[in-house]
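In the two complexes that follow, chain A is the common piece, with chain B as its partner first and chain C second.
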Partner chain A sequence: MNVMLFGPELYYLGAALVFFLLSLKRRVEPKADYQIALALAMGGLVVTGLCLCQQGELFFKAYRVDLFSQIFKFALALAFFFVLTISHNLAHIEERYHAEFYLFLTTTTIGMMMLVSSVELLTIYVSLELSSYSLYILVPLRRGDGIDVEAGIKYLLIGAVSSGVMLFGLSYLFGATGSTYLVDILPKLPQLVASPIGLLGLLLALAGFFFKLSVFPFHFWAPDVYQGAANQVTTFIATASKAAAVALLLRLVALGAGYGYGFAQALVILSIISMTLGNLVAIIQRDFKRLLAYSSIAHAGYFLIGILTMKEAGYIAAIYYALAYLVMNFTVFMVISEVAKDGRDLKIQELAGLWRRSPLLSLSLIVGLFALAGVPPSIGFTGKLLLFTSAMSQGYFWLVLIGAVNGTISLYYYLRVIYASYFTDDPSLGPITVSTPIRVLNYALIAIVLGFGVFPDRIVELAKAAVKTVL
Partner chain B sequence: MLVFNQLETYLYLALLLFAIGLYGVLARRSLIAILISVELILNAASINFMAFNRFLAPHPAVGQVIALFIMAVAAAEAAIALSIIVAVYRKLKSINIEHATELRG
Partner chain C sequence: MLISPLVGLIILLLLKEEQKFLIRAVSLVSAGISLALSIYTFVAYDKSLGGLQFVEKYEMVKTFGISYFVGVEGLNAPLLLLTGIVIFTGVLTMWELEVRTKEFFIWILALVTGVFGVFMSYDMFMFFLFYEIAVVPMYILILVWGSTRKEYAAMKLTLYLMAGSGLIIPGILLLYASSGLGTFNMLQLHAVHFSPWVQKVAFVLLFFGFGVLAAVWPLHTWSPVGHVAAPTAVSMLHAGVLMKLGSFAVLRVAMFLCPEGFHYWAQLMALLATTGIVYGVFVGLAQTDLKYVIGYSSVSHMGIVCLGLATGTVDGINGSVFQMFAHGIMTALFFSSVGYIYDRTHTRDIHELGGFSKIMPVASAFFITAALCGAGVPGMASFWAELLVFIATVKVFPVQGLLAIAALVVGALFALRVVQTTFFNEPNPKFVHFEDVSPFLGLPRMMLIATLVFFGIFPQTMVGMIKSAVVPFLQGM
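Moving on to the complex of A and B:
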């Protein structure tokens, strides 16, 4: 076995061991621990970057390493690094738990990395649970007035039920096909969808992935968890776990490619409800993180547009949008965690006078929000353009129309946030100091969001090559 | 033919367990009861895997391996859930889900 094939996972396993040892230390040194964590996250970026072009199969073909999985592993490593860069003040997590915060963040990253490579039912289940359980622990780690454990228990119960339902569905798929390998199951899909047991199994099985992606019937957890978890944990849930879920859904759909008309129609309905519900409920939100939670429900609908086209162009668009979403959503969350330095939940009106308090952060906020809304020339606009053109070429006119209308609705509540930060002022709020590394991060994020929006070719080429390895 | 030697018997049993579990999740208000209902759902899946393995699958060990994995994962899940339930009890002095209503909107 080539070690490089399993390199990223092994590296993060080693990092988890380091954090475990740090958490055992008697003396609490959060500053030193943070430096170690940041160094390990940078090393992880290098390792996943080096392993980008690996190809092969591991563990009796239950685990496939290809360009598709490696791109997403790099994206996950990037999200991990991003979250650590804004973890320099973990105000809402007690100092003696900082090492455990890093530990569980690492194990959930490992789980997601394994998830994007899994091509076998049991492997998918175990890696999904590895990533979920670590998040269940991270959410109530916050020092709060009860909302943290409330969010934690809601997240855990809804997550446990949806993964139980998913497992029950997987058992039917296993029964109907006699195999646990996706390569054996997915070619039999047309006849599976025709039989009641196969269709039931398939729909139940998708429950678990829809939960991660917070698509319509499984979206209830998102607002509570986004608000209740510490800002850094919410950032990770909002960026990395979305990318992992999109990757897995793509693999399930791409390997099959023969789900038939009825299945695509079911996804169209879920997509439309997710977009509309998310965008309409977001309008009335006052808490910024809750607003972003509803925006993430709406974005789950956009992801589905790319997936349900069942064509190469749609998959490329979905990969591009997943990567773009990771960066632009992180840009907004970085502003949140920098403005709310004491780790509190940020109300939209608390952004008042941000242009005066920190011009750079307000610029990042505007760039991030316009990207989420899909305003050119940002990365979000290019992503939406790719998604909508791929759906349009498959004849989903109404879906694209509803998607475009939803984009306009979303612009309204994003503009409300921008209005609060540029056109209202509150003299009692003092200026915000931004450290040099965060300054550099700000410039880098703005450059990525605008740069890859204007010149998307490199990413699209990469996504195209990745889709080729999956199909 | 014996009823115990038929696939359908076990599928109906699993479906019944699954339905009871799902009902329990939706109807019960105690966190512990909800956790028990989730375990019922997982066990329903285990029974399905074992039954399909015994009667249909070409390879005789796959279903059993999966059932073993489900047991281990369910144990980990119960540990995490119970520890969070203890934390909930310390903060709210109750394990009734209806008392956890601070997050709204």
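Moving on to the complex of A and C:
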């Protein structure tokens, strides 16, 4: 077995071990632990970068390493690194749990990395649970007044139910085709077109990922968890976990390509409901993180647009948008965790006077929010346009129209946030000091969001090559 | 031309808020370079050759057929010139701004980059990209530096325009998808013969989508409110240039790519345009706030532009593009002089200002010149533009044409009444002590007037330019 094939996973396993040992220490040294964690995250970025071009199969062909999986692993490593850069003060997590925080963050990353490489139903299920269980622990780690526990329980319950539904669906798939390997299931599916068992099985099997992506009707956890979890944990859920879910959905839905009409229509309906519901409810939110939770529900609908086209162009667009979403959503969350230094939940009003308190952060916020709203020249606009283009090519005229109208609705609540940060002012709030590394991170993020928005070619070509390995 | 404001913008990002003079100087220089370049392209464009000149083209996203493809032809050269003039004078007009100077000029330059981009692009993707870049900074510009119900106006404007974009995207993508070519290049798409159904649907989506920005009745309601709320330079840019983006886009994308769709909907276009003209004139008359008066007159003047386009004849489109140019300069002059008056007196009420020409003769003269131009007095650029449009309209849509002319005549009468109350009544004693425009601040207004008069006396320079593009344009339809 070539070690490089399993390199990123092994590396993060080693890192998890280190954090485990750190958590056993009697003396608590959060500063030193943080330095180690940051160094390890940087190393992880390098390792996944080196393994980008690996190809092969492992574990009785249940595990496939290709460009598609490696790109997403790199994205996950990036998200992990990003989250650690803003973890320099984990104000709401008790100091003696810091090492545990790093530990579970690492294990959930491993779970997601395995997830994007799995091509066998049971492996998929096991990796999904590995990543979910770590998050179930991370969410209530926050020191709070009960809101954290509520969020944790909600997350656990809805997660468990969707896992159950997913297992049920997987069993249907297995029953109908007699195999748990995606490669074997694929050719047998078209025969089952007429039977509802296949359609039902596939839709139920997708449930677990709909949960991660917070697609309607598995979205109920999002607002509470986003609000209840510590800012850094929410950031991870909002970035890495979405990317992993999109990756696996792409692999699974490739199965449904033979199904055609009925399957696609089901996804169209879910997409439309998710978009509209998320955007409309977001309008009345006051808490910034809750608002972003609803915006993530709306974005789940956008991801589905690319996935349901079941064509190369749609997949390229979905990959591009998943990567874009990771960066732009992180930009916004970074601002949240920098403004709320003490780890509190940020009300939209508390952004008042941000342009005066920290011009750089307010610029990042504008760039990030406009990108989420799909305003050019940002990466979010280009991604959305690619998604719509691919859907239109498949004749989904109404879906695109509804999607575009939804873009307008979403702009309203993003503008409310920008309004608060740019226009209102509260003299009682002092300036925010931003450390140099975060400053550099800010510039880098703005450059990425704008740069790849105007010159998306490199990413699109990469996504294209990745899609070729899946289809 | 595109690069210059962009470079200025980046330099501004590096400057500190305290270095106010440097900030202004950098903005002025980058605006000046844009102006110089736009004059150069206007003069150096070879009319006898026609077609696209100064072309630049790079592939951007091969998979989706997106490229950076810009060029100049007779249709957009006047509008580039217009943008150059308005931004240069706009920066000069805002010279006295003290609040958050750096941010203001950054957003203004971003907006101008977008405007130049739209006028020059021949790739639908880039066209839309620049279109949005031009539209979005408005929200912040109005919100932070505006006046009079600015929050309401900024939000209304942005949502209206974004709703327009919500129609444009499906329209563009419908054309992209049904062409089967997999390219956003407009010249290639033009060669495709779309089915009538696609053309009708796409045209109506694009027309109403872009029509929002062109303030086509009944989608205009954001426009007077927005003009009133915006700070002076932004009003100038907005009414002067941005609204033209809408009508230009209708011409460049909707009519160019869907000729059959255009013929199908031309009646409706003419009807809406005429309604806009009549409505704008009469509502404008009832206003007492000078900026509202101008805002509604913009609605009616943009109606003329739209009416010209709807005729689909050489004269009509010619006049329409000319009107875009003339109206742009004229409104910029309007807002610039009102802005100056407002900065001093903090009122724009017609009755309160009464007899203002005795206090500030020069500032008032600027406004009166613009008002005359708006009324279509011969010797001004807009006279020729309106003449061309009406000649064409009366031929194609006689009823609408006559209605529009009648409305304008009534409008002219009342415009003179506004001028009379505002400037030639007894002076308001409160304002007697104000000084008149200094030569430096008068300079931008002078430039605008000079442009209006120049093209009023030598309309052929402009008409010939536009015609070199309109004739092949119509043959292609």
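General observations
The criterion applied here is as follows: the second predicted complex is superposed on the first by the 468 of 471 C-alpha atoms of A that agree within 3 Å, B and C clash if a C-alpha of one lies under 4 Å from a C-alpha of the other, contacts with A are read in each partner's own complex, and residues count from 1 in each chain.
Everything below uses one rule, namely that a residue touches a chain if its C-beta (ideal position, glycine included) is under 8 Å from a C-beta of that chain, and two chains touch if they have at least 3 such contacts.
Just so it is clear, the model here is predicted, and its values are computed rather than measured.
Residue contacts after overlaying the shared chain place A:90 against neither chain B nor chain C. Once the two complexes are overlaid on the shared chain, A:168 sits against chain B while remaining clear of chain C.
Applying the stated contact rule after C-alpha superposition, one finds that A:156 touches chain B and leaves chain C untouched.
Of the two partner chains placed by superposition, only chain B is touched by A:286; chain C is not.
In the superposition on chain A, contact of A:129 is made with chain B only, not with chain C. After overlaying the two complexes on the shared chain, residue contacts for A:249 are found with neither chain B nor chain C. Of the two partner chains placed around the shared chain by superposition, neither chain B nor chain C is touched by A:185. Those residues of chain A that touch chain C in the complex are listed here as 313, 316, 355, 366, 370, 375-377, 381, 385-386, 388-389, 392-393, 395, 397, 400-401, 404-405, 407-408, 411-412, 415, 418-419, 422-423, 454-457, 460-461, 464.
Of all residues in chain B, only 14, 18, 21-22, 25, 31, 34-35, 38, 41-42, 44-45, 48-49, 51-52, 56-58, 62-63, 65-66, 69-70, 73, 76-77, 80-81, 84-85, 87-88, 91-92, 97, 100, 102-103, 105 touch chain A in the complex they form. Partner chain B is touched in their complex by these residues of chain A: 121-122, 125-126, 129, 133, 136-137, 140, 146-147, 149-154, 156-157, 160-161, 164-165, 167-168, 170-172, 174-175, 178-180, 223-224, 227-228, 284-287, 290. Within the complex formed with chain A, the chain C residues making contact are 59-64, 100, 103, 125, 128-130, 132-133, 136, 139-140, 143-144, 151, 155, 158-159, 162-163, 165-167, 169-170, 173-174, 176-177.
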